[in-house]
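Heads up: the structure comes next, in structure tokens.
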Amino acid sequence: VRRTHFLPLAELHYEIDRRVPPALIISSGDVVVIETEDAFSGQIRKAGDRRDKRLLPNSNPVSGPIFVEGAEPGDALEVQIVRIDPLIDQCSTYLWPHPHVQSHLGHRVEHVTRICPIRDGRVIWSENRSLPYAPMIGVVATAPAIGVPTTLPPGDYGGNMDLRELAPGTTLWLPVEVAGALLFVGDCHAAQGNGEPSGVALEMPARVTLRLRVDKAKHLAGPRFRTKRDLGAVATAPNLNEAVGLAYARLARWLEADFDWDRWEAYSFLTQCGDLSLGYLVYGIAAAKVKRSYVDASR
Amino acid sequence: VRRTHFLPLAELHYEIDRRVPPALIISSGDVVVIETEDAFSGQIRKAGDRRDKRLLPNSNPVSGPIFVEGAEPGDALEVQIVRIDPLIDQCSTYLWPHPHVQSHLGHRVEHVTRICPIRDGRVIWSENRSLPYAPMIGVVATAPAIGVPTTLPPGDYGGNMDLRELAPGTTLWLPVEVAGALLFVGDCHAAQGNGEPSGVALEMPARVTLRLRVDKAKHLAGPRFRTKRDLGAVATAPNLNEAVGLAYARLARWLEADFDWDRWEAYSFLTQCGDLSLGYLVYGIAAAKVKRSYVDASR
Amino acid sequence: VRRTHFLPLAELHYEIDRRVPPALIISSGDVVVIETEDAFSGQIRKAGDRRDKRLLPNSNPVSGPIFVEGAEPGDALEVQIVRIDPLIDQCSTYLWPHPHVQSHLGHRVEHVTRICPIRDGRVIWSENRSLPYAPMIGVVATAPAIGVPTTLPPGDYGGNMDLRELAPGTTLWLPVEVAGALLFVGDCHAAQGNGEPSGVALEMPARVTLRLRVDKAKHLAGPRFRTKRDLGAVATAPNLNEAVGLAYARLARWLEADFDWDRWEAYSFLTQCGDLSLGYLVYGIAAAKVKRSYVDASR
Amino acid sequence: VRRTHFLPLAELHYEIDRRVPPALIISSGDVVVIETEDAFSGQIRKAGDRRDKRLLPNSNPVSGPIFVEGAEPGDALEVQIVRIDPLIDQCSTYLWPHPHVQSHLGHRVEHVTRICPIRDGRVIWSENRSLPYAPMIGVVATAPAIGVPTTLPPGDYGGNMDLRELAPGTTLWLPVEVAGALLFVGDCHAAQGNGEPSGVALEMPARVTLRLRVDKAKHLAGPRFRTKRDLGAVATAPNLNEAVGLAYARLARWLEADFDWDRWEAYSFLTQCGDLSLGYLVYGIAAAKVKRSYVDASR
């Protein structure tokens, strides 16, 4: 019997910490509905609000952790992303004067916030401009066995990946490093561009529905995902050049392990037809993707 | 009257050199049909051939230059890509042991070449696997006023960009730095993935049909393009992190200059819906893109 | 009354963790004598020993933490390095096949360990080659308020800095982010080159004598130090290019804050006479230095 | 018979160009006295002068080239730096708002120039502050066989290395890629710090005395030097992390080739006692150094 659990918005975490007691204990295969706060911890809700880092220095609060019974170090945690719904029918963003923004655009970067209603499947940017509502999870992580990462730079445990593919319909696999896996989730976006250039997407508090399952057969170096169209392998590194190369290599090794490719032929083949998705451009995080129809030669 | 010129395969260049006498002198608006050699200078044509860098150390030979009458420093050269046809109905690739490939995949990387026929709009990878023929130009450049770049790392003059968008139907603009612009073209690919991870695409000798026009109104910091769907701005930097940020900033400034956006709002908007295309991942080259339908608010 | 405390080798930590109960509680101004294990946790002690990461995946164990009474967030912890003595009159090193070593030197990098006696102020490398004993602390850190870093990449809290200046006679200042500062120390080297190219110095278990004092007047962005000759400011970043620039900027701001310089003049002056020290070259860590005699104009 | 040649200040070059006719033809072993302009092409000579890049966009003009008879591709050019004398008893500098300077120091970076007299072996910075006159060559290069680099980023041909070791008493070896080697020299500094953080040293027009000799026995991947104390190997790469590692590897291979070391032992040994010198921190250029007394075990 598959059960559904609900985790209401409660204590927020800014660390992916194996020592936090579980907020929820579930069985492999259960569904969880998790409420998440936005990346600003709710500081920007109406016109004139500002992101005040003196009051609240940390970003990207996460809900959790969720303990999945049976998950052991060396396993993978399968995360099926079922739904992502806005909690308050709006999202918000602002531009902050990160040095790279300043050197490109000039130094008069103002702290301007923007509130965008979400309605009829659209995010309303301004009177005459809107975007499709394309929700995704910014931060999703299992707790690593050593170190306690913050919810800023991502790593092999997942974390602040900011990849558009982490959307409803996608199945994500994360490495399990501690008993129970300890899943943390937060930082949902109503829409986000590739590379998230300003570092601030259309941030929203959300209700996230996931189905979690322990996979004893996969042994992962880092996150992987499957969308309707693609397989994707994620890698982080000190810079994008290395992350992109490593992501493609992990994808080639996935094709070797599960689809009977030679890894070098796979790398050469991906050179001809692979695709990429990047997280926040200041980090070194990339996902390398390939169409599922290309992977299986019988198709 | 628009004329069509033909530049057959003749002397090959491995430098983007303002001192090379024009191979062709044309008027603004004329069409040129250019034959180009493949990236290996034809060393890999049949099974068992190898890329031998002792005999031929340089890569990516280009044809040209083409002198466009009326082009002056400060102008832009508009390059409409009309057609890209294979010269010999095949393309080829190989995997070479670049350090980044070795550190990811292991050290037994062999020098294996692969010849792929092109037929019925497909590139035949193997008996049971093929890809759509998706031709693009790897190297397209105007001559810079200082320095003579090789056909390896790209720059603001264009060069070895390896971007999939440089395909039939796309209009590219390049900065003009010397009288006549001096266009060089080569290194066509029958298909290529985003980021070209191994650095060796499906390389082919090709017949490239371009319409070239001098644009006196655009003053460019680097290449720009327009596809059926997108506008794109290209940037190069020592690494991908900087290139991606700069490409988005150039796109934001384009929206400011030509479409009446505020540059900071544009940067924030692109954060929500922009897309990326990368050249060879060892370089720092990126194109930031946005749907044309998003740029014009009246749509 | 200044007291001296002794912290014998006991539990080792691989994390800089604010939640670890103090191993020692001291007053500001007290002296501590700390025993530290080597970077290999003692796995390499005699000919034929190997670094076995399956048994012991983590590196650079630290002793501590030491709680200094009166230290509050926003203060600095002054660490006077009084002595560093080998615990067993030998140090050891080995070469491991890091990808950057392999791509430069070839792929037959063997796992060769080397045991070097320390005697008469020399480290004996081989029968006919020795180096001066030049001890330094590899890892020295205060606990950060958010996140729990491992003892691998360094940060503004210090950590695995691997800077040769952290030697007897040097005074180091570290930011205090939690009550008591919580100092961790380990990974001593009998000698180390600038940039530590292989990542493995002459590692030794050691007895470290420090005098610790709370400094309420300094508010630090990152570590600083004073040697007999120099002032130095430390910075970490994703890469060395950024770390070197930031380290110089922090030094310029130190001259501004404490020595009445204009920060821009200071930056220009440091361009003419500054010096650099790097930690492990795979990280982005640098110290920018200037002769103390240059800083005070009256000299 | 060793002859001395004089090359007065005449045509300046901003490119390292194999196609420029020799300004001087000499025999191997001859001495040359070369006048060089400063990095600003003389734009900053008195109080109130400014570096105006609209009038003169290029930097670091070089004198030359000097054709050394008998130099063939594959040889090395030995450059003994005999003397570097100021042409006008002063040097100058300024601070420009490079993005990395702005993001570290703030955005009000003004364009302030400074003229520093050189007298009695000192550079007079201000009324009460001076530095030792420590002259060096900023740009020294042989012409490469492909591409024509500008006098900005350095490469394996040398170029704008900005290394403090390129000073009187040092012998430098550069790869020869074209007949006659074609040496270019310019951009002398009266003093410079390690990493040249602002990118603008104490720039001076100078009279440089060199002895040039063809070395048929050395086959170099990049520049090398020998100072009174050290051997040094230079490397360039897209970033400093890679340049530092490659420089050490080149030094290890030098010890292998000329001093009978095992390359891996050498790399491990350099890890314990090597030193570093960096050029302008925005580039990826480093020299790895080792004391000559350490290299020869008999000492």
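Just so it is clear, A, B, C and D label the chains in written order, and each chain counts residues from 1 on its own.
The rule is short, and it goes like this: a contact is a pair of C-beta atoms (placed from the backbone, for glycine too) under 8 Å apart; a residue touches a chain by one contact, two chains touch by 3 or more.
Predicted model only: the values in this text are computed from it and were never measured.
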| item | value |
| --- | --- |
| Of A-B and B-D, pair with higher C-beta contact tally | A-B |
| Identity of the chain that, by mean CA position, is farthest from chain A | D |
| Distance from chain D to chain B - Cα centre to Cα centre, in angstrom | 35 |
| Averaged-CA centre spacing for the pair chain D and chain A, given as whole angstrom | 47 |
| Chain centre separation (chain A, chain B; CA means) in Å | 32 |
| Multi-partner residues of chain A (each touching 2 or more other chains) | 239, 284 |
| Complex contacts: residues of chain C adjacent to chain A | 14-15, 17, 19, 57-58, 146-150, 238-239, 284 |
| List of chain A residues in touch with chain D within their complex | 99, 102-103, 107, 239 |
| Touching residues (chain side chain B, partner chain A) in the complex | 93-95, 100-101, 104-106, 109-110, 112, 114, 123, 125-126, 128-129, 131, 191-202, 239-242, 244-246, 248-249, 252-253, 263-265, 267-276, 278, 281-282, 284, 288, 294, 297-298 |
